[in-house]
Structures are given as C-alpha cells and as structure tokens.
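Handing you a structure now.
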C-alpha cells in the first residue's frame, strides 16, 4: 500500500458501471462507513460536544494503533489490546485537557488561533515521537479475522472489516447510552451549551470536560486498534485521517453524537462509489469535497444545533 | 525610511554575493530560507492580523508551483509572468475558500484549508498534462544577464520577493486594512457596527495571503527543475508557514521573518546533522512552548524586555 | 430542620461597576421573602453572591442548615448547590439542545437528589402537565412560559432546602406572570420550601411573599416586615418609578 | 427631507420557541430624543440589535430615511448613518483609545478619500469633547468603566451618524457620572442627531426623552411624553405588577 494511500481497497475498480458493482460498492461503503464513524467518535466528543479544536485526535489514534501493535507483539488480540490501552489513554486525555484548560480556556483568552496551533504542535510531537520510537516503516497485526474473508452472496468481504464495523457499532452504542443514561453523560452533553447553568446543577464544568476529554482519548485508543486491524499503520497516517475525521464530525453536526454514524456511512458509501467509478486516485478528494460542501451550505451539519 | 534603507542594502548585498561567491550550495539553502520568510509573512496577514488559522499553505503554494510549471511547459512563459500567474490563481483559490467559510468560526476555516490541500493534490495527481503522480521534468532556460547561475538568480529573486512581502505586511499593519483586521480579531460585532465590512476584509486578507503563497511557490519548479505532487503539497510548508509567525510573533511584521529565519537555521543545523524528524519535533515543541508561555512570540518578549529596561 | 440565610453588609460589583452597597437581609425556615426593585438595581447580583457566582468585595453570606453554618463566600457554586440551595436563574438558562426530560434529570445532579429522582420527576410532571406532554421536545423550541416552567421544575429536581428565584416574570406575557408566581406560591405550601424571590413585579410578588425588601441602586431602602407594611407604603411608587 | 427618520413596522423576532419581539411598530422623527424603557427581557436590546443590524428581524420592516435597511449588514447601516454603543463595552483591545475611534473614521467617514483625511486629528477632537484626550494613546485596558462607556459613545460618534442608539450607557454608574453622560447626549442631540436612549435609570430617561415608549414581553404597551408614561397604569403594571 503506497504511503498515504487512502482507503485500503481490496478489489480493482473497473471503469464500467453496473448495478451489480454498485451493489458491491454500497455494501463495502457501509463497512467503510462504520470504520470512518469509529475513527471519528473520539473527535465527535472532543470537538462535537466540548468545542475543543482537537486537530491532534488522529495522531492520538495512530499512537493507539502503535500501542495495539506493541501489545500484539506480546500475543494480545488486537481488540483486547485496544481495550487494555483505554484506561492509560483516559489518564493521558485528562492530563492533556487539564494543560489545555490552564493554558487557554481558563484565561478566557480567545483560544482561537493559539488553541488550534497548540493542538497542531501536539500532533507534530506525537507523530515524530512515534517515528523516533518505532521508525517509519509500516506496522500490521495478526489475528484470525485479519487477512481472511467470508463470502456474502457472490461478494468476498474481508472479515477484518466486519469485525472493525462490529466493534465500531458496539463502541458507538455504549457511548450513546452512557451520554444519555448517566448523570455525567448528560452533563457532558450540556457543558458546551451553557457552562454557568451547569454549575447551577451542582456539577463542576471543568471536571466534567476533563472527564469527557479522557473518554474521547480512551475511545481514540480503541479506534487506533481498529485502524491497525483494517490496514497497515505508519506514523504519518494521521495526516490522512485529519480531514476524514473532521469531515464526519462537521457533517454530523456539532453537539450530535448519534449523527456520527450516519455521517460516517454517507462518507463511506460516497467514497466507495467514487472508488468504483473513478478509481482510487480520486477517493481522497471525496471526503474533503463533501466537507467543503457542508461548510458552505449547512455549517451546523445535518443534525447539529 | 527606517525600513527601505536596510532592505535595499540587504538586496544589494545578496546580489553582490551572487556575483562573487562561487559555491552554489549557499544560494541553494538561502533560497529556501527566503521562501519560508515569504510564506510566513503571507500566512501572518490572515492568521496573525485577522486571527484565522490556515493549515492549507501547501494548497496555495503547490497550486502556484504547478501554475508556473504548466505555463512554462505550455508556453515557455518567462519566470516573471509565471510568478504573476501563480499569484493570481492562488489568490483566486483564496477567494473561493474565503467566501465559502470565512463567515464561520475560525476552526471551520482551519478545517476547510486542510481539505483544500488534499483536493488540490488529488486534482494534480489526476492531471496527466501536469505529470500526474510521477511528476514533471522541466529544462531550465539560461539565467538572465548579470547572473551566471540560475540558482543564484532565483536566490536574489526570492530575496526581492521577501522584501516585497514584508513591505506589504508592514504597509497593511500600519494602514486602515490592518486596523480593520485587528478590529475584527478584537471584537467582530463592534467592528461591523463601526463600519468595517468584516467579510469583505477577511476575504481580501485571504486572497492576499493566498496570492503571496502562490508567488512563493512559482519559482519552485525552476529551482528543482522537477515537480511532483507529494513533495509540492507537503505538510512541511504548512508547519513552517504556521510555526514561524506563532514563534516569531504575529503582532509585528518582523515576527514571521524572525520566526522563519530561526526555524530555517534550526532545520539546516538539525536535518543535516541528526534527522529531519527531529527537526519537526523541535518545531512542534517550540510551537507548543511559545503558544502557551509567550503568546506574543519573540517580538513580544523583546518588546516587553525593552519596556522593562526603558522604565 | 432549622435553616437560616444571613446576608450582612454585602458590597459587590462587576469590575468598577458597584452593583451592591452594604446589603443586609435574612431568610428564615419556611419563609417566602421578596426582593423587590426595578431592573439594574442589584437584585440579580445579590442572588449571584448567594450562589457563589459573584464574590462580594465586602460583607458575609452565611447559610445555617441543621446546626452547621456555611460561609457561602468561600464555597464554589457546585458546593452551595450540594448543600441544598437551588437557583432559577434570570433568563432561565436551560440547555436548548437537550430535551425537557434531560434538562429535568440534570437538575437532580447533586447526590442527595439522585435517590428520589423518579419521585421528583413524577412531581414535576404533575405540577407542570405541559412539560409531561413535551417530554421529548428540545428545551430551546419551547415558548417563554413553558421554558419558565421547565426552569422551575429543573430547580425543584434537586430537592432544595432553599429555593432562589431570579426574576421569574422576565419575558413572560402578563397573564403567564401571575400563573408562574401562583405556582411558586403553591410549591412553598406543598413542600414547606424556603423561598427568596427577586422580582420587579411588585404586586405579583407580594401576593405570595411573607415579607420583603426594596432595593434601589444596590441599597436596601425599605424592609417591610409584613405584606401590609409593603402595600400601604406610598414610598414604593416613588422608589420604583424614581419620580 | 421627510420628518420621519426611522420607521419600524410590525417587526418580529423569535429565538427557537421564544418570541422576543411580537409585531413592534414605531416612528422616530428627525432630531428627536426618544426613550425606550421596559423591564428586563422585554425585548429592548433585541429591537435595537435589529435596527443596528447585529440581528436580522424575522418579520416586518425597518426604514431609515425612507429606505428599508432590514436586509442590510450592520456595516452598511452604519455607513448610512445608524450608529450604536454597546451595553457591555467592546473596545478593540489591541489598539489605543485613539485608534479605536480611527476605525470608524476610516471605514465610514473617509472611506472614499483616505489620503487627505486627518483621521487622528478628528479622533482627538472627539476625545476632547468626551474629556478623554489625556488617555488617547493608552490601551483601552487602562480605562475605567465610565471612560469605557464614553469610548463607546465617542466611537459611535466617530462614524458621524444621523441616528445614535445609546444602549444602557449609564447602567451601574454613580450619580455624577450619569449626569456627565447625559450632558454628552444632550450636546450631541443639539447638533441635530436623533438619539434613542435605552436605560433603566428612570430619572435619566425622563429628563432626556421628548417621547418614551414602554416595551413589555416583546410588545409596545404604551407611548407618550415622560410625564404621561409615569402615571400610565400599564407601565406601572409592567414595572410594579398587576
């Protein structure tokens, strides 16, 4: 797979159009869409709910993938490895937010330019940190479901996409339940809407945002595990996913968690169809073209405020 | 006058050096440093004065480079016209991006510029005439008169463009345009109610910034006599253009210049001796450090230090 | 079950703007005290001092509950809420993109209120039937009157011992104002709540108040120990309309 | 020139389900001193935000000098002569007090012929009128609250408006400071500028206004001279309660 090659595709895209191929493209698009939703969940909490310009989210996710690769080296199943990384990433997320809060949000200075530049710097540091630790060549993981595929009608679907899609759906379901059914979850959804009002409910907004940012980072660890399951990973892969993850979150609309799945599917299917019609070289422009369209026409996204 | 005398002296010195010094390596490296001065100054017009972060420098830079390359390949256009055309095309890109997203909050503009880079790169990759993914070989014409080597000519040319860019930034800073942009950054609603056409001014800054980035990219194909998408739309241009003003200081036209000179010298030092990755790490650490500890950048620190002495 | 709020010689302001000058008042167990005065006279600032959202520059704010006295100027807003003090803020400050029910459930965030959450939710829907019908509706899409009901319901969800209400009539059509004030009155009798209400609407407020203070330009200019004292006082019109 | 300077017809504004303005209509004559009062949440600030362009009204029309401006962005309304001060002062913090006034001078008054204009001189003259000349070159962070309020008025005046909207310029100020600001507004009106004053301080509104309108819950509940307003039962009901 060439460096920075977009979606890892597994069948050559003939230029001719046929319903049968369209059908296959849609099926593959759905699986790809679940994966795109999975890699964007952490960002939909950090940026969608908390309004934190977290451009370092993909870099955190890639480091989750490397964590999975390290644990896989000790015989861990990749998904199990992703789960075991979550507590560690949770603490890192809490610490990172605390630092961001003290440096920017607390001083009420318009974090604007400096907040975004801060996370851009963090992304660079993580990316190069990974290169220094693990070198630039690509890393993969072994598992029963990686590399094998099952037949679905006359289509061969790689199992790793099914597993990835499944874990993604479970992750999204749990997070959505957590956010709507628990006290802290509801407070997380409320904090960006009216912080002083949340204090009146007896909740400390800073602690709530710190907790939420911890969750966003922990989720990014598991997404990282899915990333390395789906395809080989290298430190610079985060650059490919910055645009995609922000496209999904902006398309979903700020403040709407459930929109992330729908947005991921729309992105996955449209990219898959473009892949089929015009080939891989056009695929990366799909998510970004969609992003510009959404920003121009409906910046609050499909389900947002 | 405090600005023009030193600038002319610098340009004269650069020309003299180009005529006297034999070894081309100095000019080869010097060209890149001056190019980053132009990119950082261009970035600061929108990022520093108006407060809108542009991650898409490679899109504007790359589009400028490819406009020049294609015009040269098609009509063997002279370098001067290539630069003007590149500035116009990248300025147009700035207009489109600006009108689309500058109504929204800063973070949305920043995200849109990320998208621009990939869209531009994808378009070029799929454009066979421009060499597609593999790239385009270009045969340099003979250098114009006083210079015996093309690289030395490009070095002096980029020096002139750097002075032009800094002069433009200096004019903006002191003029009604700069005041309007700063008013927008301080309080957009108050600026609008004080008669500032906020959207128009932001788009104007975005076009200017884009055009300058395009112009900085234009000589690139001649400089390398080869051009290919992956390196032309590289993230390092985004890092350099953003980090230099944030470290040097966004509030003063010298900020981006100091930042660019500092980062370029670090790059020369570190990349040659240790590894290019370490250079990016240092830039990342410096960026985080300055953004948190010294938001006004080096220029701000110097000003504070001078004020403390003068009191 | 004793509860006593004591505000003594409090001065406060935003930056250089002096909103309060040496204000003193008390609220005892089970009382409904009205804080009266037109806008911009410091009523909201005083409420915010009690809730720890604004720190007074002078004076003390103390709350005595079941024998222990708390200095509210030292506590964070969350800590004060956890003691059992709830505020219905001016302008309601609902969470516009959360549903009616989610807003209500957020009201019961404090640990002591979580155990009785189901019962309190049922009560809220009983007192404000309109909210029950709109359980799934987003708070931002409701009318002014409905939003006011939700704001009061949300405050009640924290099973407060002391309820502060800041200008409930703001932005409400006149007929709704009297309806809202009546409901606050009923809550008092039904739950034995202690209420401190800041309200500019003089006649409406004294309908449910036991006694009241009039505050003009950040100073208490009159303390009516009974509603009668407040009503006969002809100074009121002069203070109110500054004629 | 037609006597009516500003004509507001059936203007309405909603925020989600909440109706902030419910069909407000009023006319303000050229050079008039007009008072707008009403309890908190009555829609006063929403109304002037619709007039100044910070907000766009949902229904109805706003005509200034006979031209419907309700679709124009705020900067074009300022250029046509509508200027406003902000209840919570919003200085341009990165600039000096003088430069704060230079912005409207450059973007409104001298936008067509910049090179000849002595914008700094004009700005200094305005500061002298307001008694702020001493602090011309200091950053706005060094200004007191009343000085910030004067800066807001001076910056609005720097746009050479025909209509000035003063949004609670005196809230929270001490007695002497209120009189100072009142004096300034009287002086400006004397030069022919129509002024809309929004205040809670009754004495100030009653002393200043030739005509007063009282808003409550997004509707006009009465209109008339200051004396009649104070006696009006509806106003008392709005302020004192039924």
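Letters A, B, C and D mark the chains as written, and numbering starts fresh at 1 in each.
Definition applied: a residue touches a chain if its C-beta (ideal position, glycine included) is under 8 Å from a C-beta of that chain, and two chains touch if they have at least 3 such contacts.
Remember, it's a predicted structure, so these values are computed and weren't measured experimentally.
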Inset, instruction - Would you pick out the chains that touch chain A and also touch chain C? - result: none
Legend entry - Centre-to-centre distance between chain B and chain A (centres being mean Cα positions), rounded to whole Å: 31
Inset, instruction - Would you kindly tell me how far, in whole Å, the mean C-alpha position of chain D lies from that of chain A? - result: 48
Legend entry - Between chain C and chain B, distance of the C-alpha-averaged centres to the nearest whole Å: 57
Legend entry - Residue numbers of chain A (touch at least two other chains): none
Inset, instruction - Specify, in ascending order, the residues of chain C that touch 2 or more different other chains. - result: 96
Inset, instruction - Find every residue in chain D that makes contact with two or more other chains and list them. - result: none
Inset, instruction - Name the shape of the chain contact graph, picking from line, ring, star, complete and other. - result: ring
Legend entry - Listing of all chain pairs that touch each other, if any do: A-B, A-C, B-D, C-D
Legend entry - Footprint of chain D on chain C - complex, ascending: 13-19, 38-41, 90-91, 96, 138, 140-144, 146-147, 167, 169-174, 177-178, 199-205, 236-237, 240-243
Legend entry - Footprint of chain A on chain C - complex, ascending: 51, 53, 76-78, 81-82, 86-87, 89, 93-98, 102, 105-110, 114, 154, 158
Inset, instruction - Flag every residue of chain D that touches chain C in the complex, lowest number first. - result: 15-20, 39-43, 144-146, 168, 171-174, 200-203, 206, 216-218, 230, 235-242
Legend entry - Contact set on chain A toward chain B in their complex: 4, 47, 53, 55, 103, 109-110, 112-114, 116-118, 120-125, 127-129, 131-132, 239, 242-243, 246-247, 250, 281-282, 284-285, 287-289, 291-292, 295-296, 299
Legend entry - Contacting residues of chain A [partner chain C, same complex]: 180, 183, 186-187, 189-190, 193-194, 196-204, 255, 305
